[in-house]
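In what follows, a structure is listed as structure tokens, so that the remarks can point back to it.
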Amino acid sequence: MKGNQLSIKTIVAIGIGAAVFIILAKFAAVPSPVPNTSIQTSYAFLALMAVVFGPIAGGLIGLIGHALNDAISYGSVWWSWVAVSMIVGLLIGLAAKKLDIESGIFNTKKIITFNIVQVIAQGFGWFLVAPALDILIYAEPANKVFLQGLFAGVSNMVTVGVIGTLLLAGYAKTRSRSNSLTREL
Amino acid sequence: MKKRVIEFNNYSFKYHSQAAPTLHDINITIFEGEKVLIVGPSGSGKSTIGHCINGLVPFSYKGEATGSLKIMGKDAHSLDIFSRSKIVGTVLQDPDGQFIGLTVGEDIAFSLENDSTEQGIMKNLVEETVKTVEMDEYLSSSIHHLSGGQKQRVSLAGVMVDKVEIILFDEPLANLDPATGQYAIELIDRIHKETNTTVVIIEHRLEDVLHRHVDRIIVVDDGRIVADMCPDKLLSSVILESSHIREPLYVRAAKYAGCDVIEEMKPSQLHSFSIESCKDKLLDWFEKANEAVPKEIKLPILQLKDISFRYAPGHETIKGISLSVEKGEMVSIVGKNGAGKSTLSKIICGFEKPRSGSILFKEQDITGDTIKERSFRIGMVMQNPNHMISKHLVFDEVALGLIIRGVPENEAKKQVEKVLKICGLYPFRNWPISALSFGQKKRVTIASILVLEPEVMILDEPTAGQDLRHYTEMMDFLAELNRQGMTILLITHDMHLMLEYTTRAIVMNKGRIIADDPPSMILTDSEITRQANLKETSLLVLAKRVGIKEPKEFVEHFIAYDREVRRQWQ
Amino acid sequence: MAVEMLSYIDRKTPIHQLTGVTKLICFIVWSSAAMLTYDTRILAFLFIFSIVIFIVSKIKVSEVSFVLIFILVFLFINNMAIYLFSPQEGVKIYGSSHVLIEIAGRYNVTIEQIFYQCNVTLKYFAVIPIALLFIVTTHPSEFAASLNKIGVSYRISYAVALALRYIPDVQRDFRTIALSQQARGIDMSKKEKLPIRIKNAASIIFPLILSSLDKIETISNAMELRGFGKSNKRTWYSARPFQRGDYVTLFVFGVIFVTAMVVTFHDGNRFYNPFES
């Protein structure tokens, strides 16, 4: 990768983004109705950062955030799943231009586009890449890893679909400049 | 004639994001080796001047400029931000944002690393520089073990290592306790003298900066330069008052007493201020009004009994604290960073569980109550309003807590509107919060707690980063709430706030309460002020010099008089 | 919410003396070897060798036990899941079936399955000590410099350094926000119904995002003002020069890696099969 294309702001966004990703993964998991599983809010955040800062930032936040979190929390890195976080961040980031969140407009059309992109990105990552790598590296049984991927994928799609959309809508609102503010008595 | 290092000529600037220009037709010349202070209220454009000097305008913040700006005799437009950074070193207001390295050494070396300096040379330079800011013992310390003042010294070293010709300080006192701030000013002065660097300080705490000599003060108001003169001359004029900048208190006192402060009296520093001619007037002024306010005794609303707490074994953050707050009191909690002030407030709100001891609310034990249950009685307003705001519109943010409590919509609307009126936010109720100023945001967070109708409110640094006018507005508003019966605890570094608005100050040091007295008594106790990193108020020194026998009462008299005068601004 | 994290543990041992670059390369080589091979003999050797290195490093098991417990629980669940989903995976891989305990049809316990699952577990075990050591014996300051040295662009390396630097700050912000929101009744624990819980989570995350965006702006200004990114390379204050120990270590790891690969793949199959012949 040619480093010259990365602005300082993007680099800082990757660093801080990875730190926030880690903290959300560790502390901001919402308990879900399925026992022993939780809704990972960190992927909703990853989606937001990818849309705001683009595919390279999205991919690297996923890669660095997930790898560092594995390392400092579990003492080893599950590269097969780390790769998925990277791919998801990267693919969602590809839609950044089209969504143009800085314009402050996040209408129904954009919400639908965002969700189609995130479902495709996560489907590719969780349903294909993660199981394929698990089989390749660990020779784990195919049916087991596909079911795992299916479960992780669906729950993350729902999370990003709900929380991610909420966050993007909130972010878009902060970007809209209202020049016509008047004091109402 | 000395070399001109910074030259603004008929310079105007407008940010792309704003409708009106921020700077209008500015003319400033700063000479080599000078030490210049730029003051002005919030939003006056003083930070923008700083940005123009260090290059953040136009490289980071885009906009249109007219007129000319020369740095070291060269047109600023011909210098990119990197060559600019070799000439101008900037120490930013937020030490956590500027301290990028993990350790002291690494952070100081940051700009050398970017220059691809060879490691051996780099280490020597870093070791040399770290000594000038007196941080050599901490060279390999992690950022997370340093105090705010130490981080700032490292940031200073980080720009000095480049041998810059101009050092720019952006609000260097904003996050420091009084004693640390005083030390920072002394350090800046020493470095200025030793290295003959040009120093530009942007700050609104004028009296604290004047603790050491400055050559010139530039006053900015509403994007224009309203004064550019030596401190003695400025202090003998009425410019500061009309720009709503707090003058040194001793100067204010002299002016209130009807003294004619003139340049020849050298008012810029208290020790040089010749007060012979106004002694009588000061004595007169003091004797004119001297009334004592009798204190009523009320019921305790909040009691802490022998509270202990620690974050990690072996290190007690709070050591057996007991205190009692009466209903309707306004109390300040002071002490240096890390003394346990914030931890104590978190324990009161239930954010942290004490290891031992009990908390009583109206004589009812609430030690075991959850955060949510406590929140019905005690409200906490955090220092940084951005940590509390999660809605887009002012109204929704204030209503959030009520909606969650299941208050019916009509009822909630009525209550929110009432609170918005009290807080002066009613005209803005349908505004996006992002369009508000920092002080207004802070009000929104206070409103969002107030609407839940707690009986006690704790505020962490309610006036940090606000200029005198906003400070007065905020504090008068809190004082009004207090008059209506709200019990208020304030955590603060601002000694004037404590003197002016609270009747009682609790001083903490190393997890213990070392004093619990009226503020005027605490600020006259040199042992307590030293231990708590506070600073003696200049009013006290003035009173002693004039020969007033009751300096404490003099201070109190000043506070009461000053409050009346400032009330007329609104 | 006290969740522990691994961090640098300072000791004076030969392992700590090695440069970050050496440790990073060794960690990568070791992980690759353990990922590629399924040869029981190699895995066993890797595991034993890594235990020896762990002992040399003088890191106490108690210092990393919270991680070990987590991994053991994870491996246990993982093994149960493998058995549940594919009890005859071992038979498929090794091409023979020796039934040990009869349960019911496909759930009969075979020696092949046990051997296969032992291999899966061993594969994790072979990496854990080295990975742990890499994390607790590499000073975080040196980490970014090491990444840059092995060819990662310095800009991305610095992004990693920033992440490590700001994790505690972000954690503090998050805690402050979560507590102050809780005090207003915004809760994302089990006490609330799911849809509310999710909405509340957004209310807590949103302030964190906004304050992080502010942080990004301040930090990039500060870095810009101090000349970050002006040239195509940069030096590192905390990088350390290579010493003899580094060369020796790299050589040894290289030999182990090559040997492991040769032994694993010489017969065209990454599995070691004790059941054939």
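As written, the chains take the letters A, B and C, and residue 1 is the first residue of each chain.
Definition applied: a residue touches a chain if its C-beta (ideal position, glycine included) is under 8 Å from a C-beta of that chain, and two chains touch if they have at least 3 such contacts.
Please read these numbers as outputs of a predicted model, since none were measured by experiment.
A complete topology is adopted by the chain contact network, contact being made between every pair of chains. Taking the mean of C-alpha positions as each chain's centre, the chain lying farthest from the centre of chain B is C. With centres defined as mean CA coordinates, chain B is found 38 Å away from chain A.
Averaged C-alpha coordinates give centres for chain A and chain C that are 20 Å from one another. Chain B and chain C have Cα centroids separated by 44 Å.
With touch defined as above, residues shared between interfaces to two or more other chains in chain C number as follows: 161-162, 164-165, 169, 202, 204, 206, 210, 215, 219-220, 223-224, 228-229. Looking at chain A, residues 170, 174 sit in touch with two or more other chains. In chain B, no residue reaches two or more other chains under the touch definition. Listing the residues of chain C that touch chain B in their complex gives 140-141, 161-162, 164-165, 168-169, 173, 176-177, 179-187, 202-204, 206-207, 210-211, 214-215, 218-231, 233-239. The touching residues of chain C, when paired with chain A in their complex, are 1, 3, 5-7, 31, 35, 38, 64, 67-68, 70-71, 74, 81-82, 84-86, 89, 93, 120, 123-124, 127-128, 131-132, 135, 153-156, 158-167, 169-171, 174-175, 178, 188-190, 194, 197-199, 201-202, 204-206, 208-210, 212, 215-217, 219-220, 223-224, 228-229, 232, 271.
The part of chain A that touches chain C in the complex is made up of residues 1-4, 6, 8-9, 11-20, 22-24, 26-28, 30-33, 39, 41, 44-45, 48, 60, 64-65, 68, 71-77, 79, 137-144, 147-148, 162-163, 166-167, 170-171, 174.
Those residues of chain B lying in contact with chain C across their complex are 54-56, 59-60, 81-82, 85-86, 89-90, 92, 94, 96-98, 100-103, 105-106, 109-119, 122-123, 126, 143-144, 158-159, 162, 346, 349-351, 371-372, 374-375, 379-380, 382, 384, 386-391, 400-401, 404-405, 448-449, 452. Partner chain A is touched in their complex by these residues of chain B: 17, 19, 392, 426-432, 434-435.
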